[in-house]
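There are two complexes below, and they share subunit A, which is joined by subunit B in the first and by subunit C in the second.
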Partner chain A sequence: MNDDLKRYSRQILFAPIGEAGQERLRASRVLLCGCGALGTVIAETLTRAGVGHLRIVDRDFVDLSNLQRQVLFDELDVEERLPKVIAASQKLKAINHQVTLEPIVADIDHTNILEFARGVDLILDGTDNFEIRFLINDASLETGIPWIYAGCLGSHGQFMTIFPNQSACLRCLMDQVPDPGTTQTCDTAGILGPTVSILASFQCVEALKILTGHADEIEPMLTIIDIWQTTFRRMSLADLRDRADCPACQHGERLWLSGRAGSQTTVLCGRNAVQVSPSERKTLDLDQLAERLATAGEIQANPFLLRFRLTNSETELTIFRDGRAIVQGTDDAAVAKGLYARYVGN
Partner chain B sequence: MDFQVKMFARARDLADADSVTVALSGSCTIADLRRALSEQYPALQPVMTNLLIAVDNQYATDEMPIAPQAEIACFPPVSGG
Partner chain C sequence: MPRIHFTPHLKNHLDCPPQDVTAATLREALEIVFQANPRLRSYLLDDQGHLRKHVTAFIDSTPINDRVNLSDDVSRAKEVYLLQALSGG
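Moving on to the complex of A and B:
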């Protein structure tokens, strides 16, 4: 065995991979969108497994509340407020120098996603909101690059692999991004570390199948797991693409990639604040939102808006019934969008 | 006709039950089931629009009719990560 391959001997012994599969893995390039909970587990697993080139894009800094589940970060990263992709690459470099790492600190949006996806064989979803997943879905359909979705929250999660223009896409499954305020987020409902590592590990298994030449072993399924209830269910999406008459994968609509959908941000000059507006006006149930946010900070509400101050922070979100929010305490549009996704939802 | 509907993840939390019984009269499609679930279990409304419904482990679209003995299961999309 080639010296470079020795470190992978146990993986090569696994018959479906073998030396040929390992070589294919080494020749492959992956885009990882997001380097948080799912993202750090994916990055570590693929780096140890010996993927050739790993491009990681994330807009955020390491925060103390990340350490419970984001496996590549430590207290020093928090102290230094390092960008997540930078802190992650430092650890990954020490784990496997053979992998070419390309950390990029950026907010993924419709203007840059095709550039990030250029030349990769696979896109992995390590993000935390549906708006960006619909953008990834559009980019995948446009480029023909497969992608692997996973979402997790509390003790449950789900994942599916999308082969664009062959299997059902995210939009076949859901015609629209769930309304702002109706989905829970990890910042309001919590998350267990094992939920993340199990879901991310399943994404990595799917990735290994695709990158070592076993894509045909992936079934068109949405898999739904609850680790607290210990339940595991699979829902077949076999003929969904034919049945769904999907605007994106059957009719070529690219709402997110064209920038027609997706939340818009405006920096409010001199106010240290950013306004985030969903592209379609929605009506929020502010009472329901207030109830959800009560565990994460201080709430003040009137019939028109809800003011939410994060616990131990100077950051304040003023959320309007039409879905707009003004994020006070930052002039960075990416930070404001992150807070909006985290606390208001998608 | 009564249908047993199994609840998973947040749908289970909102319904506060592993499964619920839904009474349908007249036509029995997935769209009818959604309407009946909303009416009979208002707690599920926050997840209803995007609720994924499986019939005998197959993704079910709104126009699909439900057979009397079918196993029905509900999963809301999960956003976090």
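Moving on to the complex of A and C:
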């Protein structure tokens, strides 16, 4: 065995991979969107496994509340307020110098995603909101690059692998992002570390199959797990693409990639605030939203709007009935969009 | 007679254990469930009575066809599973 491959000997012994599979893995390139809970587990697993090139894009900094589940970060990263991709790549470099790491501090949007996806064999979803996932879905359909979706909340998670124009895509399953304020997020309903590690590990197994030449062993399924109840279910998506009449994979619509869908932000000059507007005006149920947000901060409400101040923070969100929000305490549009996704949801 | 299951998250949040119902269509099945647990309605359906965008129903592990009128036949099904797509990560 070639010296460079010795460190992977246990993985090579696993018959479906072997030396040939390991070589294919080393020649492969992956885009990881997001370096939070799912993202750090994926980055570490693929780096240890010996992927060739790992491009990681994330817009965020390391925060104390990340350490419970974001496995590549420590207290020093919090103190230094390092961007997540920088903190992560320092750790990853020490784990495996053979992997080419390409950390990028950026907010993924419709103007840059195709550039990030250029030349990769696979896109992995390590994000925390639906807008980016629908954008990844569009980019995947446009470029023909497969991607692996995973989402989680509490003790519950789900994942599916999408082979564009072959298997059902995310829009075959779900046509649009949820209306603002209708879903819970990890920031309002919590998340267990093991939920994320298990989901991300499943994503990595799917990735290993694709990158070592076993894509044909992936079944068109949505897998649903609950680690608290120890349940595991698989739903068949076999003929969904044929019967869903999906605007994206059957009719070529690229709502997110064209920039026609997706929230808009406006920096409110001199106010240290950013306005976030969903792509369509909606009527929010403010009472239901207040009930959800009560676990995460202080709420003041009247019939027209809801004011929400995050616990131990100067940040305040004023959320209007039409779905708009003013995020006070930042002039960074990406930060404001992130807070909106985490607390109002999309 | 199908057994209606809810995604674990809804099950914990709204206290809706699996329930056996006698119904011809998915809509009829859900109406029976909402009688016992009215709060579930707004989590699953929008104000026009369509399935919410991030909600999907599976009948015996296969996605339903009619998200608008919920007319899919459940009379001979063993299981109906209501799923919310999750955004966290």
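We adopt the following convention: the second predicted complex is superposed on the first by the 346 of 346 C-alpha atoms of A that agree within 3 Å, B and C clash if a C-alpha of one lies under 4 Å from a C-alpha of the other, contacts with A are read in each partner's own complex, and residues count from 1 in each chain.
Keep in mind that, in the parts below, contacts are C-beta pairs under 8 Å (C-beta built on N, C-alpha and C of every residue); 3 or more make two chains touch, one makes a residue touch a chain.
Note that the structure is predicted; figures quoted are calculated from it, not measured.
By the touch criterion stated above, A:T111 is placed in contact with neither subunit B nor subunit C.
Of the two partner chains placed by the overlay, subunit B and subunit C both lie in contact with A:L173. By the touch criterion defined above, A:N165 reaches neither subunit B nor subunit C. By the touch criterion stated above, A:W228 is placed in contact with subunit C alone, subunit B being left untouched.
Overlap of the subunit B and subunit C interfaces on subunit A comprises residues 34, 36-39, 125-130, 150-154, 156-158, 173-174, 176, 178-179, 182-186, 189, 191, 196, 199, 222, 224, 226, 229, 231, 233-237, 240, 243-244, 288, 345-346.
Of all residues in subunit A, those touching subunit C in their complex are 34, 36-39, 125-130, 133, 150-158, 173-179, 182-186, 189, 191, 196, 199, 222, 224, 226, 228-229, 231, 233-237, 240, 243-244, 285, 288, 341, 345-346. Listing the residues of subunit A that touch subunit B in their complex gives 34, 36-39, 125-130, 150-154, 156-158, 168, 173-174, 176, 178-179, 182-186, 189, 191, 196, 199, 222, 224, 226, 229, 231, 233-238, 240, 243-244, 288, 345-346.
The touching residues of subunit B, when paired with subunit A in their complex, are 8-10, 12, 46-47, 49-50, 52, 54, 57-59, 61, 73, 75-81.
If you check the complex, the residues on subunit C that touch subunit A are 7-9, 12-13, 42-43, 46, 52-54, 56, 58, 61-63, 65, 81, 83-89.
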